[in-house]
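Look at the two complexes coming up: chain A is in both, with chain B in one and chain C in the other.
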Partner chain A sequence: MEVYKGDEIYSESSEQVVCKVDHEIEPESSEQPVYKNESDSESSEQEVNPWEVSTKDGGKIDYDKLIDKFGCERVDESLINRVQRLTCRQPHVFLRRGVFFAHRDFNEILDAFERGDKFYLYTGRGPSSEALHLGHLIPFMFTKYLQEAFKVPLVIQITDDEKCIWKNLKVADTKKLGRENVKDIIACGFDITKTFIFSNFEYLGGAFYENVVQVGNCITLNKAKGIFGFSGEDHIAKISFPPVQAAPSFSSSFQHLFPGEENLRCLIPCAIDQDPYFRMTRDVAPRLGYSKPALIESSFFPALRGKSGKMSASDPNSAIYVTDSAKDIKKKINGAVSGGQDNKDDHKKYGANLEEDIPFKYLSFFLENDSELEHIKKEYGEGRMLTGAVKKRLTEVLIEIVERHRRARAAVTDEMVNAFMAVRPLPSMFE
Partner chain B sequence: MGFSKIELLDRLQELEIDYSKYEHPPVLTVEAQAKYVSSNEGALSKNLFLKDKKNRYYIVSAMVDTKVDMKVLSQRLGLGKGGIRMAPEEALGQLLQVSLGCVTPFAVINESARDVSLLLDKNFKNQTRCIFHPLSNDVSISLNTSGLDKFLQSIGRDPVYVDLEANPGVGKDQPPDLAVYVPSGSVVIPELPNKTSSTQPKNVSAEIKPALPAKPSKPVDKGKSVAATSVQSVYKNPEKFVEEILDKTSALLLSEAKGESMETLTETQRKRLTSELTHLAIMYKNTAYAEGFYAGTKYQPYRQ
Partner chain C sequence: MEVYKGDEIYSESSEQVVCKVDHEIEPESSEQPVYKNESDSESSEQEVNPWEVSTKDGGKIDYDKLIDKFGCERVDESLINRVQRLTCRQPHVFLRRGVFFAHRDFNEILDAFERGDKFYLYTGRGPSSEALHLGHLIPFMFTKYLQEAFKVPLVIQITDDEKCIWKNLKVADTKKLGRENVKDIIACGFDITKTFIFSNFEYLGGAFYENVVQVGNCITLNKAKGIFGFSGEDHIAKISFPPVQAAPSFSSSFQHLFPGEENLRCLIPCAIDQDPYFRMTRDVAPRLGYSKPALIESSFFPALRGKSGKMSASDPNSAIYVTDSAKDIKKKINGAVSGGQDNKDDHKKYGANLEEDIPFKYLSFFLENDSELEHIKKEYGEGRMLTGAVKKRLTEVLIEIVERHRRARAAVTDEMVNAFMAVRPLPSMFE
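Take a look at the complex of A and B:
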C-alpha cells in the first residue's frame, strides 16, 4: 500500500481517519505505522509510549481505544482455549484475567507450534533502579509460564545503554544496576538451560550489530521522529537506540544459540507501551527477509494510590516492592485506594465499586483460584463483604509472592548471573 | 572434612562426659534457640568468632548477659583499640568447619582450628550447666564446665576462662592481660570466589561490620546476607533440598486440613505443591548448572 504526503491514514479496525500525513513517507509494507505527533482527536486524551504513560485528566487508560489506535488485536476466549489445548495445562492467571489482553500474530505462533515448528521468546528490562516492584515482575512471570508451557528458549535483553541515554546515568552504574536486576529476573524461576540474558553494553557486536545496522538502514530520521517523537534537541544516541531493541527479534542475532537459523519465529511478551518499538520492527522485518515478531501485550499494573497511569519507581508508596517486609505490604495495602462505600450501611446497600477498587484489581492479577475470586467479586460487589476482608486476603497473597521471590533471589549467586549471561550454546533449549 | 555433630557426641560419650541433648529446627540466633531450649536446662551462650589484623583467630564464648566490649577486648589482647573484628564467613567454614549460626567452643576439635584461641567466660563456672551447639545449629547440648574442660584437655588444650567484663586498663605499667592468649600461628584463608561476605554470627550485640561496601539506594542489603547463604546451601545440598521439600509439603498438608473432602484436598494441594516444588527444583537445577559452569571456566587440561 502506498502512502503519500497529503494522504489521510485510515484505520481499518476503527473505520475512521486516524490522522493526516503531512510529510514524506516511503512506500513500504502494508502495515501502517501510526504516527505519534499527528493531531488526532484521540491522542490528546491519553499518552502511551515507552517513556510516558498518562491520561489527560487522571482518568483510566482506555485499552480499547489503545488497541484500535495501535492496530493490534484482542486476546479473546477462543485464543485462550486454544492455548490450553496446545499446552495441556491451565492457561496462566494473567491470560485468564485479561492482563495480557492484546497481541499481534499470536495465532500464527500457535499455528507454527501446532505444526511442530519452533519459536523463541524475547523480552527485556531497562535497569533504571535497583528496587523492583510487582509491576516489573509481571512480564517476567508471564514469560516464565510461556517458557514452561511451550518449552522454548528465551533471550532477555538488559537495556543498560538505554538507561544511560535516557536517564543520564553513568555507564558503570547502569551496568551494575543491570546485574542486580538480573538477579531479580532469575529469581522469577527461569531455566538456565533455556535462557540467555545479555546486556547491550556487553553483547553488542558481531551478528547482533549487523542486524542493528540493517534495521537502522530501513528507518528514516523522519519516521523515527514520527514514531518516537524525537526532535532536534535530542542526543543522537536516542535515535540510534530503537534498532538495538529491535535486533533481538531476529534469530540471526544469536549465532551461538541459533547457528545458521535465519528465520526462527519470535514471540515478544511485553507491556503495551513497548508497542511502538515492535510496530517499527515488524514494519522493517520483511524488508530484511525476516519473519515479523509476534507480540503479546499486557495492560498496566495499577498504582496503589491512583487510578491512572502505572506504578512508578519514584513514588515508594505507589507500589509493592520485592524488598518490602510483611509489615510494609500490610501498611501499603491498607492505604490503597478502595472502591468500598464510605460507611457500612451504604456499603451494604450499594456494594463496592469494583472498577475503582485497587485491592480487588490486585487480587484479579494475583489470586490464582478463579472460584475464590468469583466469590469475592460477588460478595464484595454486592456489599456483603467488607473492604477490610478483601485487603486482608490480598495482603496474604502478596506476602506469599514477595516472600517466595525474596527466597529465590537470595539463592542467586554472582556465579549464577555470570552463567546466565555467558555466551554459550543451549543444547536442550527445546526440551 | 570437619567433625560432624554425631562424631563429636560420640567422642563426648567415649570420654564419659555427661551432657543432655536437645534437637530443634535450625536456629541462627540466641532468641530463636531460647524458644526451644528453656533456661532450666542451662545457661545459653553467645559465641563470637573473631579475627585480628594479623590473621589470628579467636572464639569468645560468653553468657548471654555478659557484656563483651570489643574495644576493651582488643586492648587486653594487646592489639590496640580497633584490632579485633568479626571473622569473615569463609573463615567459619575453613577453620571451624561449621556453618553460620553455629560458632561453638567444640569447633576446636577440628585440626583446622588448632591455631584458634578459645576464650571462655568465667561466669560459666558458676552455672550448673551451659548450652552450646555441638557443631550443628539444629541441636543444642547442655553440660557442666567440668565436662567442657575434660573435652578440651582431651584434645590437648588448656581451658581458658576469662573475666570478659573486666577492664583493667592497658598502659605502660599494665601490660595487656590477655596477650598471652594470642595465637602464635596466624592463618591465611585462601580467597574464595563470590561468597556473599556476611559477618553476622549468632546474636552479636557488638558492632557488625557491613558485609558489602555501601552502595547508593540498595534496599536489598540490610541483614540479608546471613539468610542468603543458608538459602543457597539448600540448593547446593541434596539432603537439605529434600528436607526443604518435605518441610513445604508437611506445612501445606497441615495448613489445609480443614475438613474438606479428601478428593478436593488432594487436587488443590497438588496444584499448589506442584508450583512450589517446581520453583524449588528450578533453583536447584540453576545452582547445579552455575557451579558446573564456574568449574568449567576454571578447567585446565590435564598435563600429559
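Take a look at the complex of A and C:
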C-alpha cells in the first residue's frame, strides 16, 4: 500500500473541495463498473491506480472525475459537522480543508459509533524509501487523529512484500526499510495499547492467509485485469497481491485482536489511488459474509515544484523529507513554485494566484490556525502580503513539524518497534 | 498437491517400464518448452496436469510420450542398481517394478548421498476426501522407504488451501480433512524425529512466504498460463497457488529445520501429474540462487474397473479404501476387470491378458515377494492359473495391508498429529 504518490499534484485548493456539497453522491451500485477495463475511453486522460498517477499532459488531477469514475462519495460539510458533533472536538485540519475529500460508507461508521458499536482502523505503507517526506506522513497524522477521536484500535500493514514485487527490491532490504518506516510511523504518536503494526513478510499466515485465499477465490483473472490493468507479462506475484491488501479489512484476519469477532467494521484512511484495492474488497466482502470496509480517502500532496515540476526520487528538492535540516527546508521552500506576481507592483495590483502557489497550499495542509490561514489567504490573494512572507511563515511551520518529528523518531527504539509489532492482544483498545 | 489421480489408469505393466533403458534421456534444456501452451497440437491426445488426467478416447496414458513432453528422464535399471548399492538394501517394490518410473536429477541426489552430502525429502497431499484409498498411500509408502533408506528429513505439505481454491471447500472443512489425512499419513510409519507435516493454512508465512513471493516474482502470467492452462475466468487464488507448492522445494522455507542452510538439496517423490509445478520450480530456482529440486515420479494407480471403468467419488466400488472391510475388499476385487479368458478352455489355451488384468496389476504393486509374483505372472499368463486364484491371493494381500493400516491409524492420536505438525527443530533428522 503506497499511501502517497509523491510525484503528483494536489490539484484543488482546499476551500473548493469542501464546498462542493452539491456534488451528486453515487449510489452503492456504482462499485460495479470497476470491472470494465479502465484503460479505455475518456478515463485515459488521467490514470490513477495504486502504481501510477498521471494525467495526459502533466496537468492537474480532476478529482471530480475521479470520484465519478471510482464511484465513491464526496466528504461534504454536513459530514464534517457530524464528525465534530460526535467526537466533541474540532475535526482534523485535513478533514476541514478537504485533504481527505472522498469516502465510502464513512457515514455508516459514524452511525455505528453513534450507536456505541465498535469498529477498527486499517491503514498501511509500502516501504520503498528509507527517509519519508511530508506527504508520507499525511495519512498517519490523520489516522492518529481518528484513533484519538474515536478511541478505536488500529492495524497498520507494512507491505514489504509489495515493494519486493513491484520495485524488485530484495526481501531483506524491504524488511529493513519497513522497520525504518515503522519508526517514523511510531513517531507520529500512535497509542501502543491500541495499535498493531505488522510486516506482511512476518505476519502473513494463519487466519490472515485464510482470508487471502478466500478473497482470491472471488476474483477472476479477468476482473483483476480490469481493476488493476495486469497484463500477461506481469509476474504472478503481482496478481497474488491484491487479496493480501484486502485481508486486513476483515477483523477475522487478526485473531489475537478480535477473537470471535468475525465481522467488526473497518474504516480505512488512505490516498484515493488505493481505491481500486478496496472497491475489489468491498465487492468481495458480502460473498464471504463480511461487512464492507468503509473508506476515507485523501487527494495527493503537491510537489514543491508545482504541477510542471516532476517530483522524483532523483530530485530531492521536489519534497521536504523528515530528515531535512532547517537550512534544507528554507532553501527548498524558497525554490518552490509561487503564485505571486513577477514584480511587486503587479503583485499589489493582481494579488497572488493561490491555485498555483505551492507554499500557500502547503500552509493549508500544515498551518493549524484557521484564522491565520484565512488572513494569509486574503492578504496574499489580494496582493498585500508578499511571497517572501508566505514562504517565511511556511518555513517556520515546517521546521517545527520536522523538528518535532525528528525528536520523536530519535526516541523510537528497536524495542518499541518490536513492541508495536508483537502479535498480542490489546485488551484496552476501545477505551 | 494431489499425488494421485484415482480416476486414471496405470497403463504399463511394470516389467515393460523398467526395461526400457534404451529410452533417450532428455537434456536439461528440455525443461524450457514447458512454456508453450500445452493444450495445442498432438499433446491434446492426452492431458496430464495437476488437476486433470485424461486421454482422448478414455484409453491408456502413454507414459513414453509424457516423458518426452515433460522432458524428464526414465528410471532405468542402472539407476535402480545404484540405489541398491548405495543404500545396502533391496530397492522398494515401487522402484523395482516401475511404479516410480521417471525422475529429474535423481542421479545427482545419489551423487550427493555418495559424497556424504545432505538432502531432504518433500511430498504432499491435497485433502479432498476423508477416507483415503490405496492409490493415495502409494507416494507415502515410497517416501517412507526413501526416508529410511537414506536417513533424511522429510517435509509433507498438506495443501488445504489448494482444495479450498479448486474444490470450493470451506476453509474449516479442508483443515479438518487435512488433519484426518495426516492421521493416515502418520499411520504409514514416518519417523517423528525426521518428519515435519504442515498445513498451508497454518504454516504459510515468514520465510516460507518470502519464498512464495520470490517464486511469484519469476513467473509471468503468460508463463503460468502456458504451464497450467489458466484462463481469464480462473480465480486469482489459483494463479497464486503454484508458488505455494514450489516453496517447500527450498530449504530456506523451513528455518526451524534448516537454519543457515539456504541451499540443501531437495528430492520430491510425487505422481507425474505434479511435474508442471516442479518444472516451474526448477526453472525458477537458479534465479533465486537455489538448487533445483530433484524428482522421482510415479505413474497412476489403476482403477478397479480397468481402463473403461471410470473411477469416481460417487462409485466407491472403483477403488479400495483404507476404511473398507475384508468383505468389501473381497467383493470389490471379485468385481475387478480381469484379463482372464471367458471360459476355462480358452483360458488354458490363450492364458490371461496381463496388460488388461487389474488384479495382476494390483499384485505387482503390493505383493512384495518377487519370485511369487514372477510365478503368478508365468502361470496366469500361460493359463495354468485361473482368475479366481489370482483374485483370492490379491484379496489376502490387500486385506492384510488395509488391516495393518487400520490398526496403525487407530493408534494415531490427536496429540501425535500435533506433535508431527509442531514447528520444531529436528536435531537428529540426519541420523
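Methods note: the second predicted complex is superposed on the first by the 385 of 431 C-alpha atoms of A that agree within 3 Å, B and C clash if a C-alpha of one lies under 4 Å from a C-alpha of the other, contacts with A are read in each partner's own complex, and residues count from 1 in each chain.
Going forward, contacts are C-beta pairs under 8 Å (C-beta built on N, C-alpha and C of every residue); 3 or more make two chains touch, one makes a residue touch a chain.
Remember, predicted model here, so these are calculated numbers, not experimental data.
Looking at the shared chain after the overlay, A:86 reaches neither chain B nor chain C. When both complexes are overlaid on chain A, the residue A:191 reaches chain B alone and has no touch with chain C. In the superposed pair of complexes, A:423 makes contact with neither chain B nor chain C. Put simply, more of the residues of chain A are touched by C, taking chain B and chain C as the two choices. In the superposition on chain A, A:214 makes contact with chain C only, while chain B stays out of contact range. In the superposition on chain A, A:240 makes contact with chain C only, not with chain B.
Applying the stated contact rule after C-alpha superposition, one finds that A:408 touches chain B and leaves chain C untouched.
Within chain A, no residue touches chain B in one complex and chain C in the other.
Residue ranges of chain C in contact with chain A, taken from their complex: 161, 164-165, 168, 171, 200-206, 209-210, 213-222, 224-225, 230-240, 242-243. Note for the complex: chain A touches chain B at residues 129-131, 180, 186, 189-193, 321, 323, 369, 404, 407-411, 413-416, 418-420, 422, 424. The residues of chain B lying in touch with chain A in their complex are 193-194, 196, 217-220, 224, 227-228, 231-232, 234-235, 268, 276, 278-279, 282-283, 285-287, 289-291, 293-294.
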